[in-house]
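Right after this note come the structures.
One chain, subunit A, links the two complexes that follow: it is found with subunit B in the first and with subunit C in the second.
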Partner chain A sequence: MNTTKRTSLNIQSLIPNRATFTRTFRVAAWLGWQIESNWTDPFLFAIYSIVKPLSGAAILVVMYSIIINGAFKSPIFPYIYLGNAFYMYVGGVMTGISWAIIDDREHYKTLKYMYVAPIHMPTYLLGRGVARFTVSSLSVLITILFGVAFLHVQIDLAAVNWGLFFVSLFIGVIMLAMMGLMLAGVTLLIAQHVWFIGDITAGALYLFSGAIFPLDVLPKYLRPVGYFMPITYWLELLRRSLVGSVAQAFPTLSRFSNTELMGILLGLTVVFAIFAAVIFFWCEHRARERGMIDMVTNY
Partner chain B sequence: MNSEQSSATSEKWSVEKNTGLRFFLQTVIARAYPRIIGQQREKSWMFFDILLPMLAVSAYVFVYRAIDAPDEYVGFVVMGGAMTAFWMNVLWSMSSQLYWEKEMGNLSLYIMAPNSMMAILLGMALGGLVATTLRALAITILGGWLFKIPYEVTSFGQLFLVFMLAMVALYGMGMLFASLFLLLSREAWHLSNLAQEPVYLFSGFYFPIKSFNFWVAASASIIPLTLGLDAMRQLVFPSGAALGFLSVPLELGILSGLCVIFLTSAKLLLAHMEKLAIREGRLTESRR
Partner chain C sequence: MNLAIHTQNLGRIYKIRGGKKTDPKELEALRDVNLEIGQGELFGLLGPNGAGKTTLIKILTTLLAPTSGQACITGFDVIKDPQKVRSRINMVSGGESSGYGLLTVRENLWMFSQFYGIPSKEANRRIKELLKVVGLEDRLNTKSSDLSTGLRQKMNIVRGFMTDPAVLFLDEPTLGLDVGASRDVRSFIRQWIDENHPLPDVPSGDASRGEGRGEGRTLLLTTHYMVEADELCDRVAIINEGRVLACDTPANLKRRLQQDVIFKMEVSPLNGLSADNFEGLPGVRKAIHAPKDGSAELDLILEKDDALGGVVNMMTSNDVHILNLQKREPTLEDVFVDLVGRSMEEVEAGEQ
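What follows is the complex of A and B.
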């Protein structure tokens, strides 16, 4: 007789009801905020949140200014500056969500308690990303304001396509959250190098998504990677909504209209979201079966 | 058991203990050993430690290419990217190391053991330096090959001297920070995280430090990598001297001074902080 008992995924249990979703998300967001911010006083936390992103932006500004001799009105400058500013969301949201697994499993050693609590785990992880999203939003805002005030980044508030901006931003954040969930799933299954996984993914996307240089600069054989990434279209839409003139200066995506870009972004977001959900639940299922939920690697 | 048997047993089990300088060096080697051997046992670390800086280096190289920068700037980026490995090592494996040890419960064992904490820090530095040099070398060679960078070393002797002095001063700084971090808890992680980008900026990891005004560059020179990197670029790239902040001999002199200052300060501060941490009961606390 075959005594092996196969466990299978119960699809219904994967979708939370509204009350569970709201409760889990709210509490996870609050918890995430406490973890992110209460290690110091608000003043030092504000400095921490501002200095890091501004320094990252300043590296690019100095690199640009010593070569171009301060010609900040050239379209390449807002391309680089805004791409870099909005890219902060990638590190914040995507890495923030997957980092919750590392924090809870390795540092606080509470992941097993989260799994026995009456919460919906993916919602909990998404909620944990809210704090990093908030801090990233502050950093993006300050970086852009700094660029407008001191570096001639010309954003005409009356000419900004606000509708396109907010819709793109919203879809982009959802897409990043889904990618974060995918990473969180993978993190559940690995013991080694979990600390690097978020940084390496964010670093690779920084290189391939044309965040700080047009995709045409990449060698031809690497460009398709950028075209497959939704972040490439997301950043282009954000740039177009804020400074439309940038789009005409670079041929990479100029053949696409805003509607077409939005369609591509939406399509890729849906594909990545489905992919993320499948990967997360599969990894979670494997982690449960292998008894890895309460693993402490001390790696 | 008669007295002869007793004396024979005690002789059999007696262990000759090292003291003084021999004991100090033994501790240094013992602490350096896991860092060097650990790398051989877990080679995948090497892959990730090279890949992560290479991604940043590649992104900055393509930015320079997008704005048609001269080729030597690409070389500056690769060299800066290689040196980030040392800064990361000093931040995460020197400065905040005692915080990790505290988290894992090893710190109290270090303090209880009869060896010098200075020897432990020196061992950590030595092990970290050897392991990181391999990574930095790999990044330099890989970056040079990928982006076709023409290295033209004008003086290997000076280059070696600059590198060694910069490393001694840098790891001395790491030892100084490690003693400061003895008092820290959860904030240690955040402070190390905070010290990355600003230092990349002010030390000129991706552009010549001469681009800043004199006083900004002079202030940034307190971080040994600033002058070390500047001098190395002058010695490795044909146009490096024209873009250098100070002359190489002067930078060598300042780096020598920084070595003395950081190592002495680390010794004094470590003794003070250790006493303070014991008095305030911070050695075994774990505020998560």
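What follows is the complex of A and C.
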């Protein structure tokens, strides 16, 4: 029997028209929010979105105080604290998006109906990530406020470069969403026990993106991983916008100006977006060939 | 006018990976399927478990790529033009309880209607109307996790009809529903097709009304209930082991057996006789034996009435008593037996 090679990578499936985009995104975001806020117990919701991130930060603080002997005034402390706080977006947005695939396919068993519907799948997934983004924002904000109030993380509101902050944050979130899309594609192709893939990826990148220590700490041969990760530049920009002087005390990226960093972040985001589209549609194509779109693994 | 569904030499092979060392096995789930289904038809795919019905539906709804051949829905290729196909179809599979349990019935349905671009008000109207049809109107605001499997399936059936697709695919729509609900669903299916017979053209481009309007609705359903195929469908394809063995109206399919005489017998246990013994008799084309506790059922397809004499003789000489004897009209079950050589139940038992 001959296998006909055909491509499903037509332009139509890559770029949605405006009506499709709007309705897909809007309804997906609504659904994501319904799922995310579906806490029968508001107390649990509070634990999830406040206590969990704070306890994460607390562990970091304890580790830090043991290693550095409680030198909270050292510039390395806000560096670590802010890096860790913003890194919560990585878990939230990236895994939030890829999680939708697992959730719909295995739990709600609706993924095939989504695929049969005239929607744009990447847009749907991005929409599903909006709620996680919102919840992550809350966690990030609370963590930072906690740091400022109790841990001497000094942010001088008058000195904050708000323009730089919001532009970086915005680009960064897009960048994380694109990484989420790549992960979603891979998730489509992995059958069993994949629920932790998002956490694993986020965990691995934690070490390579200068979140809790500058890249120079890494062995030389591992540093390129960090230099290729847009997260590295994104975190640096966020730190510079909030606590400029502190961030510049570390040599890793100090040779770059803010504009240069922004250029690198933008460039890498575009590269990642292209990767994301190619990977996602390729994985989708393979999943369709292998009959994996509506597969249920029954674990 | 384009065919609603058109497949050419459609084939699908699944690769089944065993352990790491063993080579992947191949399973041919569909082979050379050629179907031409016109707009406005209610078409049934009848076949036992594992026949390939779901596989065919998955290919036609763009969920699965065929390994060979082509399939078009209202003229659009499922591989080359999946987006165009999707805006014209919808699909419901029975026997499973999908849906967002945390949303109410109305929210679940409303959400999907929005993905199809149906204006909210119109969507709510259709939802109410269809829920009434399936007898779920009082569950509008029930969380779908609180519905039984059967009720969830009804909700899904509403989801399928709600978008008023040009071609609707129902995979075993009445599986798991009780008798009354199955009947309601069947009569609604029939009514939907009859009411939507080719209409005058409506300006296209209005996604909410389903593109391709004005050309009648087409419905393809799969089933392994003979009666469902027989009473409901305009045409039926009988499918077994991935191949379409016959495709015609139920009446024409049964006409194949018109020369034959069909008897249904209830007898005492066969005392070691088997269906094969009877098939060896002159004039007996097929014999199907189904043991029951304390008795046995024997279906016979005979070339002529007088072949019955041989059967009765064989029984008496083996001390088998006839408890009941009925001559009956051929059913699609008999057509299946005639085509495959075994009953659907036997085929399914053999699968396991």
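The rule is short, and it goes like this: the second predicted complex is superposed on the first by the 285 of 299 C-alpha atoms of A that agree within 3 Å, B and C clash if a C-alpha of one lies under 4 Å from a C-alpha of the other, contacts with A are read in each partner's own complex, and residues count from 1 in each chain.
Just so it is clear, a residue touches a chain if its C-beta (ideal position, glycine included) is under 8 Å from a C-beta of that chain, and two chains touch if they have at least 3 such contacts.
In this text, all values refer to a predicted model and were calculated from it rather than measured experimentally.
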Fit or clash between subunit C and subunit B when superposed on subunit A: fit
Which superposed partner A:A46 touches (first subunit B, second subunit C, both, neither): neither
Which of subunit B and subunit C A:V186 touches, first, second, both or neither: neither
Which superposed partner A:Y108 touches (first subunit B, second subunit C, both, neither): both
Which superposed partner A:V148 touches (first subunit B, second subunit C, both, neither): neither
Which of subunit B and subunit C A:V167 touches, first, second, both or neither: neither
Angle, in degrees and to the nearest 10, that opens at subunit A between the C-alpha centres of subunit B and subunit C: 80
Contacts of A:L266 with subunit B and subunit C, given as first, second, both or neither: neither
First (subunit B), second (subunit C), both or neither touched by A:L31: second
First (subunit B), second (subunit C), both or neither touched by A:R288: second
Which superposed partner A:A117 touches (first subunit B, second subunit C, both, neither): second
Distance of closest approach, subunit C and subunit B, by C-alpha atoms in Å: 5
Intersection of subunit A interface sets (partners subunit B, subunit C): 108
For the subunit B and subunit A complex, residues of the former touching the latter: 42, 44-45, 48, 51-52, 55-56, 58-60, 62-69, 73, 104, 186-187, 190, 193-194, 196-198, 200-201, 205-208, 211-212, 288
Subunit C residues within the subunit A interface of the complex: 11, 13-15, 58, 61-65, 67-68, 79-83, 86-87, 89-91, 93, 96-103, 107, 111-112, 114-117, 159, 207
Of all residues in subunit A, those that touch subunit C in their complex: 1-4, 6, 8, 10, 12-13, 19, 23-24, 26-27, 30-31, 34-35, 38, 108-110, 112-119, 285, 288-291, 293-294
Complex contact set, residues of subunit A against subunit B: 39-40, 48, 51-53, 55-56, 58-60, 62-68, 76, 80, 107-108, 192-193, 196, 199-200, 203-204, 206-207, 211-214, 217-218, 298
